[in-house]
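Shared between the two complexes below is chain A, which has chain B as its partner in the first and chain C in the second.
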Partner chain A sequence: MRMLQSLDLAGAVSTRVSAASRPPKWRARPWVPRVVGLGTLVCLLVVLEGLCAAGRVNPFLVPAPSTIIASFPMLLVEHHLPQRFASTIAKVCAAALLAVLLGGFLGWAFYRSRNMRLAFRSWVVGLNASPSILLYPLFLIIFGRGAGTIVALGVISALPPIVLKTSEGLLATRRVLLDVGRSFNLTAFQQFRLVQFPAALPIIFTGVRIGLIYAVITVVGVEYLLAYGGLGELVPDLADRFEIPAMYAAIIFVILVSAGFQFVVQKVERWLQSV
Partner chain B sequence: MTIKRLGVFPIIALLIVLALPLTALAADRVRIGTAGKGAWEAAVPWLGQQTGIFAKHDIDVEVFYTDGSTKALEGVIGGSIDVAIGVNVANFIGAVVKGAPVVMICGIFTGLSDTLWYVRADNPIRSVKDLTENSTVGYGTAGSYNQIAGLALLDQAGAKSKMVAAGSSSAVLTLVMSGQIDVGFNGNGLMGVPEFQKNEVRIIARGDDIEAFRGLTVRGFVTSKSLLAEHRDVLLRFVQAYQETIDWMYKDQRAVEMYAKEFNLPPDEIARLMPVFYPKSAFGIQPVNGIDRSVEQGLQFKRISKQPTDEQLAAAFDIIWTPEQK
Partner chain C sequence: MATVSLRQGAQIRGWLRPERRLQLATLAGLLAIWETIAASGLLYRGVVPSVTGIVTSLATMFGKASFWTNLSVTASEIGLAIMIGGTLGILVGLILGGNRFLGAAYSPFVVYLASTPKVILLPIIYLMFGIGPASKIVVGSIACFMPMAISTAAGMRQINPTLIRVGWSFNLTQVQMIQYVYLPAMVAPIANGLRIALGSAIVVCLVAEIKFSNMGLGQMVIDSFNRSRFTEVYAALIVITTLAVLGNGIVDRLARPPGSPAPR
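Moving on, here comes the complex of A and B:
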């Protein structure tokens, strides 16, 4: 009897323990991370606003978030934000398209030719590790002070991860999948389109995503250096005019553009995988 | 008793005792930001250090060369630079209107005798009158004196050409020689520029041609209000040492030789052109003349967002010393 009681007790304890160890239901909700992230941001902004209002930080160097938000209309009207956005995004898209085409081809060539891969892979890795933006004086002479230089540098910076990940993805295709393709007597092109490319797509898109991040950074960075068109030119121009809240607003806008670009790329990746 | 038993305290005490005289002897360090590395005007801090003039005034100068004087001004606002040298007066007032806690402590240059605009020798533009809407005119960075001067030059000529931010003088020269822009500027009278010596470029306008800048103090020294309040004596000694260096540069031929050697320039050409582009009457510590005109120019060329109040202007200028006060 005592044993039974102790067993019951043990069962009750174990039930309590398992109930206690199980995470509460709200933690499993998909909106929780978003709320936590957004809440943290809002809290930080409120703290900053309070520090500015209390005069604890220099409002000239670190303006209040409300002032930054209030300067967006000025960016739209006086500094032609939509036109600048279109200019930058056009250059990013051009650089991305060229980098994907060229990088995809080179990645495929690396996959096809072992000698080429062994000969040039280290070059691409080296290029990936180097700050290619420093080449801008050279490109300035070749392409002139204009969109050509900016796009070319965008391509150069985006290329290495796309090349490396494309070849890596194609090389990583499982042999069993290739064998299945062969058993169906697929042509080389069909084998590539129906087996290798879909299998390599997740790895290829990792390279594309990294490459596009580099392209956005480089395009905005070279616009900044050349003071030529787009969002990159806007930030130093506002800084030099001491429009500090508007400068922060422009920086926030650039970050949002970059995040939006990544979001679009993710959507494209999912769409391609579903097709 | 061994050193081990004594511990490290006697050693630390000894080091402190040894360091005390050094501390007492250490000069006051002034971090300055200046644009135009290699220009005669920007060589003052270097020459002052080489000749020991700054040391004589108990000042140790640390020079940061910036891409335009606006960057130096931004450094002062951010606290990384103590004194910004050669800041355009109109741009400075623009910063004050926006609430920047900065103050101009003296003027340094009157007029624009040091500035030239040029084209490639094969360019059909022969003077500013030939500039069209399609012509492109380079300037340094937004807010620099050469931008405002360029705008004033175009305004005086009635030209509607496009102004292009092109960076340093050497970057502008590259753009002109490669045909990417038509007109370049040089803020050092093109002294020592090989393309000028070989007649590969042609001067189309000089700063002196612009009436709006005659007799106007165009550039000055800017520091933060807090630094001026706390270390006025240091800044005073710095400004006095600066002027003494300038005096020496115009008195002693060695200044030209040292400058030419350091920046790999032909000394004869420097000796011949320097008095033309940097006349002693224009270059030196001075009061800031023509503030109203600078405000007008700043408003006209959108470097000042709104008319500054009298209080703002009064607080913005605190001329700590001029040579007349000797």
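Moving on, here comes the complex of A and C:
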């Protein structure tokens, strides 16, 4: 009883506290935090620029933001940034497509066969936990130093979340939906195409989103390790030439590409969940 | 006696379950395919060595002092990376999850940076920290920071408000709130973040060792590869993968509530 009273009291106290410390109206607007976040970033860049101009920061370690921005045209013209971007994106798309096809099939097989699921789910989880990027020396021997190795490793890294989420999504289809399908005398294929797959799509796409992000990380990582093609090669290449501002610019470009990729797939995922 | 025989019977039945038979058959099939390719000479013999060759390399590797030195170097790099990156991640996660305004302002940066390949930062880190263990610890810490911060912030937002009100009603200080309310209520999300952080730290530390290092398991793999000692490459990869899967399994067990079974 005393506990309940204290809980009530706590509720009353918290209501008073929250009423007293309610944020001002301007803080409740959704664009304000975004502006504050971006403003902080701009302030940090201005401070860094000032420190670099005052000679407080070694420009060979951290170049001034203005020199980094100024090196972008050189990246575009001399280092063929658009072509490299296209090369990396093509490998990511190829890896993602293969992973979706293979992972979708395996996920469906896991859904259809309980024995397969029980036998191999832990293997897929293990593959997800293992650092598959370290297999690159072996793929290097099999596929050579080229796009094949990079795409194959991208597929391996993207596969586990797609398999696991596909089977999870199909298994989570609500029974009432399946019963509705049966009441319309749908064939097994129609049941899958018209009921199960659309119902499972949001969960499946969560797996695809995670897989796509893994594919981007692996493709750029292997390009970096092999110093072969695309954005991943550009960064060590610039580091070896000691073109530090351009190296920073290339790294920032890779971060922006990854963030853009994440942004797009997140938007698609939210759209699928709302449909 | 009867108890023992019943237990043995249950164990035998467990091994005869269809999924176990499927696992064993698949494993046997894969080994047979591997041995056939190794014996056929279709691929360069060194690239696909026999299983016995790999097992022999594994046994020899365990007997070498250099392996244990490399293992301890990599393990300490990963351990320190998790300690530094994990602690900072939890602190930042508590701030971003505890304050809605700060969370809305700065969480997007953490979320978008989390999807970036961290190995791309290595040239900057090599410039600042050299090619010794420090650079691996720094890149590992960055890799650990993001998942820990995201998981902790998400965990903070999911705490039952009643627990927070109870803490306030007892006039707990902010440190006491973290110690007695926030952290105990977030064991599962933090353990889940730790699982992702561990995987990321293993990958980036080993990749950093492969790129530039004179010790560690990553350096051992690439050194064996460069000398065309492929059985040693396979043996090292088996050890690394086993350790990574074991570590993941232990943290995954922590992330699940007590008594809950593994997902089937």
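Rule of thumb we're sticking to: the second predicted complex is superposed on the first by the 232 of 275 C-alpha atoms of A that agree within 3 Å, B and C clash if a C-alpha of one lies under 4 Å from a C-alpha of the other, contacts with A are read in each partner's own complex, and residues count from 1 in each chain.
We adopt the following convention: contacts are C-beta pairs under 8 Å (C-beta built on N, C-alpha and C of every residue); 3 or more make two chains touch, one makes a residue touch a chain.
Since the structure is predicted, the reported quantities are computational estimates derived from the model, not experimental observations.
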Partner chain in contact with A:272 - chain B first, chain C second, else both or neither: neither
Contacts of A:86 with chain B and chain C, given as first, second, both or neither: neither
Chain B versus chain C as contact partner of A:144, first or second or both or neither: first
Chain B versus chain C as contact partner of A:172, first or second or both or neither: neither
Touched partner set for A:258, first chain B, second chain C, both or neither: second
Which of chain B and chain C A:129 touches, first, second, both or neither: second
Superposition-derived comparison: chain B or chain C, residues of chain A touched: C
Partner chain(s) touched by A:46 [first = chain B, second = chain C, both, neither]: neither
Which superposed partner A:216 touches (first chain B, second chain C, both, neither): second
Touched partner set for A:241, first chain B, second chain C, both or neither: first
Shared contact residues on chain A - chain B and chain C: 60-61, 137, 141, 236, 239, 244
Chain C residues within the chain A interface of the complex: 18-20, 22-23, 26, 43-44, 47, 101-106, 108-109, 111-113, 115-117, 119-124, 126-128, 161-162, 164-166, 168-169, 199, 202-203, 206-207, 210-211, 218, 221-222, 225, 230, 233-234, 237, 240-241, 244-245, 247-249, 262-264
Of all residues in chain A, those that touch chain B in their complex: 58-61, 137, 140-141, 144-146, 227, 233, 236-237, 239-244
Contacting residues of chain A [partner chain C, same complex]: 6-7, 9-11, 13-14, 17, 23, 27, 30, 32-34, 36-37, 40-41, 60-61, 115-123, 125-126, 129-131, 133-135, 137-138, 141-142, 213, 216-218, 220-221, 224-225, 232, 235-236, 238-239, 244, 247-248, 251, 254-255, 258-259, 261-263
Touch list for chain B against partner chain A, complex: 68, 70, 74, 77-78, 94-95, 98-101, 141-143, 164-167, 174-175, 178, 180-181, 303, 305
